[in-house]
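A quick write-up on the structure given underneath.
Order of writing sets the chain letters: A, B and C. Residues in each chain are counted from 1.
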Amino acid sequence: MDTDFLQIPLIDHHCHAIVGPNRQADTEALLRVTSEAPHGYPVEDLLERAIWPAVLTYVSRYSGHVVASYEELGPVLQDVDYATYCKALFHDARFEQLFIDTGFAPAGAPSLGEIGRLTGAKTRPILRLESVAEAVFKESSSFSQWWESVQFKVGQARANGYVGAKSIAAYRSGLALHGVSYADAERAFAVWKSSDSARLEDERLLCFLVWECAPILAKQSLPLQFHTGYGDPDTDLRLGNPLHLRDFVETFTPQGLAVVLLHTYPYHREAGYMASVYDGVYFDTSLIVPLGLTSARRVVSEALELAPYSRFLFASDAHTRPELFAIAADLFKDALEHHLQDPMLSRFSGAGTRERWAQLVCHDNARKLYLETSP
Amino acid sequence: MDTDFLQIPLIDHHCHAIVGPNRQADTEALLRVTSEAPHGYPVEDLLERAIWPAVLTYVSRYSGHVVASYEELGPVLQDVDYATYCKALFHDARFEQLFIDTGFAPAGAPSLGEIGRLTGAKTRPILRLESVAEAVFKESSSFSQWWESVQFKVGQARANGYVGAKSIAAYRSGLALHGVSYADAERAFAVWKSSDSARLEDERLLCFLVWECAPILAKQSLPLQFHTGYGDPDTDLRLGNPLHLRDFVETFTPQGLAVVLLHTYPYHREAGYMASVYDGVYFDTSLIVPLGLTSARRVVSEALELAPYSRFLFASDAHTRPELFAIAADLFKDALEHHLQDPMLSRFSGAGTRERWAQLVCHDNARKLYLETSP
Amino acid sequence: MDTDFLQIPLIDHHCHAIVGPNRQADTEALLRVTSEAPHGYPVEDLLERAIWPAVLTYVSRYSGHVVASYEELGPVLQDVDYATYCKALFHDARFEQLFIDTGFAPAGAPSLGEIGRLTGAKTRPILRLESVAEAVFKESSSFSQWWESVQFKVGQARANGYVGAKSIAAYRSGLALHGVSYADAERAFAVWKSSDSARLEDERLLCFLVWECAPILAKQSLPLQFHTGYGDPDTDLRLGNPLHLRDFVETFTPQGLAVVLLHTYPYHREAGYMASVYDGVYFDTSLIVPLGLTSARRVVSEALELAPYSRFLFASDAHTRPELFAIAADLFKDALEHHLQDPMLSRFSGAGTRERWAQLVCHDNARKLYLETSP
């Protein structure tokens, strides 16, 4: 890869917290973050995935000890100075900012401030709508109380430092969102309240939540991210096709809401199409890059077949382990550079244009989308 | 690219009219035809798509003036001799014939005869079924009157010079077509008549129209094209998967109807599969080639994984601007040549065979399908 | 291709019988097995597919006579010593074992023992559930009698030498399997019994069959294969997406059932995702490799984007003609080698690791999955 290309700073617009030094030698955690498989998935299969030797390579490089197998990992990770190790991984990959979805954090995760110190990157939080809804559920005795609390928290998001919001509707009832009346939402809330569960799963209430929060976010110039496509098996991949967001996108992007499609694989072509015809639609190929090591060049190129370079963003969706952030960054830059060397692109576009497109994707788009609030 | 390859003549079996000299300097029109985005889509995003520098390159080459930006475009386009400019673009790309869908034409489009003179290519019209249905709607007071007029116009198509028909059902109620009774169609017509709209949108009536016109077309050896896959956001991409045409294809291809799947992206593999198992199914990758500049090699290769070379056709789906036709042609030929140099193909197939396959795809298939009528 | 790579032995975990010497010169059979098209599909289109010149090349190589066209094929095939011809084809491609789905066999197919002698490979049978259900249907006067016979035959499968089972539910009512009550199945059986057909087509009864056989197979450590994705047009490709198996997989793999997704194209990415998150899910890219000659490198690479190398298997799905087995094997090895030379893979994984992954995919996974029964 071209050295200059490696130097481009990154804003990671979708990621999660890493663990602190108390879990620095948790080797199973490191193995398990290389896949979206749940805990019962066999270790022996995880070791037979293309990404695993890459993990060992990064640990070797940053620990200064050659680690050739899973078994050799623990002592080496125990031995490193975690702060130095993290700082080097994030520095070499040129992470400038991390936008952290606080809706999921690994056990033992330090504060965002501490993560900033460990990584040398500026950290900013993303507000997960379903987490807000569930957090205030416990303390709400009525629907109106619950809904007022949700609106208040979401309405204060920008003021409280959040740079965006996120919905995991794809993990619950799917992306075919639609408007739901206040009365229907109230009835659904009553059923939820009478259940034993604190988990928001009702299709109508999820639709009500996301649909009604959309204008509240638009008013604050806060983009709304959606989990789409691939993830852990808790998601039904048939319901996670971003094309299901058609009504939502056609309703709210004209009102100024920016909609960000996360992950998108294996629907990244569909996502690129959406970005190419709808104003206000953005997307990434996080998660598959890095977890699908050999996919990166192909997937990034496919994602960019139709989309403007002003609508595609780098993200890692990494969490728990610092190594995954570095692998995501390096794979992504290799894939982006490969794409920008496409024979047809090179035939018509100058080096300066392609360099600028790389800057857009790596950081400028994220900065404009999340940090430059329109009045 | 091999020089001989560039010389292969093209029949463009699906395209639209170009504008006349009165709009030769309409630079926003040129920018907007590089994408399927509707009018509200930001100019700044259109400028950040891979195809845009290719457009500037073609204008520079054929105007004789280096055009480095959108702003510089207007005066240069104003200055060219439009007839010479068009003729050169179409001649160099070896357009021999243009089959023009007259159901959509840009404002200021000249006659087919005039387009023939501007481009140096023979032009032939394609009849859009929904346009016929809507045109005779205004003058029909009853369902029977309407349906007789539709049947008459469609039944006279070949005699009136049309070489094929087209349906845009995918843009209305989707491709899951099925038979509808006369009585049900009559009821749907009454609802339409009592509405304020001249636009045919009722699912039953659309199905009735296409289903009942199919044998009328088959009798005239007129192929029926379908918009499938990607297009402007008026189409719900979930309903445009050509696999939804299964019942239609299984009903009418045994009756001699040729079904042509247009565009097909991102369902081009599904379309290639259909061409490989159903007699009478043809397809193309128009629209994505050229609009997805960097997609061409990959998409054409994927489309041809299963399909016979006797079932795949070149088309541009270009309209409004002559530059887009030339870009479509050159990208397509590059992609086709790239595919034909596939290591497995080269290992087993001689140069002569591969050359013949290129001829089939570029013109022979279209000639046989549209112009050689069986008795 | 690397010579050592060509030497890796193959277990073909999904294929069918070949014809005996009595059909050795059936050239139309050879042409027709190059595609999934039904019999009415035109010969002239089959001759224009990329695989056809490969077939001629293999016949030429193993007959010792240059065969340049379809017409020249018959006399040459008539002239070969069929036993020697078969043995050489299977030997050079290093077929060690063939797991044969006995639910479909071409006319004139010899016994599995005879196929073993012709090919030099060990043959083992796979039990097709729908064939069992239809075979005992004729002799069953009541639902309970039918269901007891089915259970008995399936329960004796391992003892009778079967190494796995297979379902073609995708060809009937689709893969969205669900549990069905005994009473509902009994009612469906009555309707079937009162019909004229011996073909099991009722959605409820198919679901009942597969759902209730699953634990019987799990108890014997017999994997259950599913036809998924592409096949002849009898299958509705919309219903053959392996994602529809979600409930089935989540119900039975925790009970120890291994689920094997056959073919998977064009849903091979979805299949790879499933293998990466569900314990007990395996898959292949048979059928498209070899029938989609130019697809092999791309499809195998896409299939392996997420999947562990311990879950992906070689298969040909070949039948009738020995030439197809050899083409499948050679194409697959070329594609697998190409994948293992991916720049990112090479950067992080040593040659030894990649060689071991090739061994897993070519034979070790199949041996462990089908032949090593847990107690």
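Quick note on the criterion: contacts are C-beta pairs under 8 Å (C-beta built on N, C-alpha and C of every residue); 3 or more make two chains touch, one makes a residue touch a chain.
What you see is a predicted model, and the numbers here were worked out from it, not measured in a lab.
Where subunit A touches subunit C, under half of the residue numbers in use are shared by the two copies, so each contributes mostly different positions. Rotation angle for the C-alpha superposition of subunit B on subunit C: 120 degrees, rounded in steps of 5. Each chain gets a centre from the mean of its Cα atoms; for subunit A and subunit C, those two points are 38 Å apart.
Within subunit B, contacts with two or more other chains are made by no residue at all.
Across the complex, subunit C meets subunit B through its residues 35-38, 40-42, 44-46, 48-50, 53-54, 56-57, 230, 232-233, 236-238, 265-266, 288, 291-299, 331, 334. Of all residues in subunit B, those touching subunit C in their complex are 241, 243-244, 246, 250, 254, 269-270, 273, 276-279, 301-302, 304-311, 339, 342-345, 347-350, 353, 357, 360.
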